[in-house]
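The data blocks that follow each hold one structure.
In what follows, subunit A forms one complex with subunit B and a second complex with subunit C.
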Partner chain A sequence: MKIISLDPRISRISELPGQDETVIVDHQEGWITYEVFHQKKTGTQHTHVGIVHAPNAEMAIIFAKESFARRGATSNIWVVKSEDVTALDYTDSDIFDTTAEKTYRDASFYKTRDKIDQLKGNEGHE
Partner chain B sequence: MYGGGYTGEPEKNQPQAQDDPVLLAEFEAKIDRGEKIEPRDWMPADYRKQLIRMIEQHAHSEIIGALPEGTFITRAPGFKRKMALMAKVQDEIGHGQMLYSAAETLGKTREQMFNDLLSGKSKYSNVFNYPAITWADVTVIGFLIDAAAIVNQVINSKGSYGPYCRALERICYEEAFHLKQGHDAFVALAAGSPMQRQMAQESLNRWWEPIMHFFGPSDKMSVHSERLMRWKVKLASNDDMRQQFLNTYVPKIWELGMTLPDPNLKKNAETKQWEFTEPNWDTFFKVINGDGPCNKERLAVRKWAEEKGRWVRQALINPKEKYTLPYA
Partner chain C sequence: MSNPEYYNAVKELLYKMADDELIMGHRNSEWTGIGPVLEEDIAFGSMAQDKVGHAYNFYQLLHEMGEADPDIIAFQREEKKFKCCHLVELPIGEYDFSLVRHFLFDHAEYLRFEMLSNSTFEPLANLAKKYKGEIKYHVFHANTWIKQLMNGSEESKARIQPSFNELFATAYSIFEPGPFEDTLAREGVFAGETVLQSKWEETVSSICSANGIILAQVNDKSLAYGGRKGYHTEYLSPLLNEMTEVLRSEPGAIW
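On to the complex of A and B.
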């Protein structure tokens, strides 16, 4: 089968890089990364959805729009330099181990009905 | 879209020397509990290496995969098909970006991944080393290659690495549209004039072998990757994924009265397994190692794009900014 390229870059550009030509992308050319936070509609939280590479915050917003807001509802986007995020170390997550045990912080911990019924019952006997 | 044919490095069966046995046990217990591993968690060196390789190949596949389809945007028949194809190609590039980011969280920069693609060191899905010659080829790619990719990606989205799973969930959602628009365009040809049907049939004949190659070599040929399975890097064998694909999509092709160029293709009523002529795996390895119909063209176009885009990227560099690894 004869291979026909329909790619205009193949059929029209005469000086395409050859197999032996080395093309190196310099590390700085990738710019820096921004963490992207997406808000579906006003009144809801911004949620982390991923990262984009961008040279500055304005471009990061544009790339974030293309990457994370192509379909569905979007009301707003935040971008934050990855460098500016301060995060807890996962190895320190054990500080939360006992949180689930602190049931006295939940409304459901407080059960008064029994006492009330008892009180009413006692009144009835008097 | 992405295929298996994952060309990982042969693994060593012993845990590597630098892996602390206590940390390794904790890591494996965490995966057994169904918890995800996050970028800044401890992980075995080989887990990191295999994941980078796999996610990177997936990312390259998205970018290179957009090339044969992208050239058909101007040639797509009609406004509706052009809109759909543009949206799909943009999605694929977006998927590439997301996947590069997921791999980057493991410590390999995006530029290193680009450079390894351009030098031929890292691979991408073999199927994109074949040309899309007619519009029917674009419909077959959209319908069947994306279908195969979804089989692979839905399985991988149950893996153990958090950023990869999150990217895959979004990707699968969008690929569902790729599959539907591809099926729609393919059915339009199959239900069309005799000439349209013939176009679709010829395209199926051309693409069947690459599609059978899509999930990678038969399990009989590849080394059983028990450890990668235990670590939930690989979640199904190549043959299992191929069976799953055949089971869902062969009937969808046959119901249109189209045929597939394999007289031995049939479902065994007893074993419930599909039987087929083993595709030529020598061809697969020949193509993946650079000798396919389009390997040179694909890389030449990528190199050209990087060279011609360089001045824009450089003009925007802010030398005061310091690169750090992304978070998630």
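On to the complex of A and C.
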């Protein structure tokens, strides 16, 4: 048997197929995966918090509210179909590599950091 | 304010609202762990908790008016003293049944709280305003499901319509008038069950017709009355037994 999904809604025990059969998941039988973005306060950024499965965006909002926003402050929620997210392949992650001598490009390179910390009274930093 | 009839009227109103919330919350919590999908299981359980929370705050208000402690009111009253309506007592059935009940009950609750947010009895008006957002979500959840299922498969339609057939007449049990309707209206506490009922009929029928649901003509709206007077269906007693089982196993235990 070929396992189509670990999702119990798709591979159900009572529907286990025979040895060589393949389970075909019909359209809409497996719901759509939505990425959930949570915003704590109006004006702040939405932060990715996880996923929900739902038949459409409206239902995804309904589920996301209780799954990700029932504790703590929430101002808004976005849901986006996972399939609409474009990402790089991990084998291309090397495009992010940078050479050691280019630290002048980093904000951390600048010496003013110490003065800012000093002004903030943050004595933990040297 | 020292008028005893005024206080009795407010207490009567609080008791029936609180009991509806407690029993509805308990019923809906029975879906915890066996909901149709994980996300819905969480949503339905969370809303059930909201309802029990509302009940607690109403019982607390009653306590401040001289009634017993909320825990005593909730768990140590005899069945006859409960004022919940028949709609909330019915067993959960299949999920379509519970969803349709949730739709019918929560629309009434939403409209009731909207009316109460202008109540002259300030503590109640404050609670009604505080819960507005929660109940708005409950109604949003119910509407979305009904729309989803009525625009879904043949099976989903074939499940939703019969649940309406089964529940619609019983839903009128929510609006069974109490003995203090006139006092409540005169004092500006609550405009009354009749007003609420017509608002509810308007909302429910417009959503239903938009989604192709046929609502039966209910000739005798008092068919399921009795709950507000302490006469309950055969389903309430087993529910109370289950709800108080742990408490009764060790009376007076400190948690």
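Assume the second predicted complex is superposed on the first by the 73 of 126 C-alpha atoms of A that agree within 3 Å, B and C clash if a C-alpha of one lies under 4 Å from a C-alpha of the other, contacts with A are read in each partner's own complex, and residues count from 1 in each chain.
By definition in this document, contacts are C-beta pairs under 8 Å (C-beta built on N, C-alpha and C of every residue); 3 or more make two chains touch, one makes a residue touch a chain.
It should be emphasised that the depicted structure is a prediction, and the values quoted were computed from it without experimental measurement.
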Contacts of A:I95 with subunit B and subunit C, given as first, second, both or neither: neither
First (subunit B), second (subunit C), both or neither touched by A:E58: second
Contacts of A:I32 with subunit B and subunit C, given as first, second, both or neither: first
Contacts of A:R70 with subunit B and subunit C, given as first, second, both or neither: both
Touching partner for A:S82 - first (subunit B), second (subunit C), both, neither: first
Dominant contact partner of subunit A by residue count, subunit C or subunit B: B
Touched partner set for A:I116, first subunit B, second subunit C, both or neither: neither
On subunit A, the residue positions that both subunit B and subunit C contact, one per complex: 9, 31, 52-53, 55-56, 59, 66-67, 70
Residue ranges of subunit C in contact with subunit A within the complex: 37-40, 42-43, 46-47, 137, 140-141, 144-145, 147-148, 152
Subunit A residues touching subunit B - in the complex, by the definition given at the top: 1, 3-10, 13, 16-19, 21-33, 35, 48, 50-53, 55-56, 59, 66-67, 70-71, 82-83, 85, 87, 89-91
Of all residues in subunit A, those that touch subunit C in their complex: 9, 31, 52-56, 58-59, 62-63, 65-67, 70
Sites on subunit B touched by subunit A in the complex: 38, 40-42, 67-68, 71-72, 75, 87, 90-91, 94, 97-98, 101, 104, 109-112, 114-115, 118-119, 131-133, 166-167, 174, 293-294, 296-297, 299-301, 303-304, 306-307, 310, 313-314, 316-319, 321-328
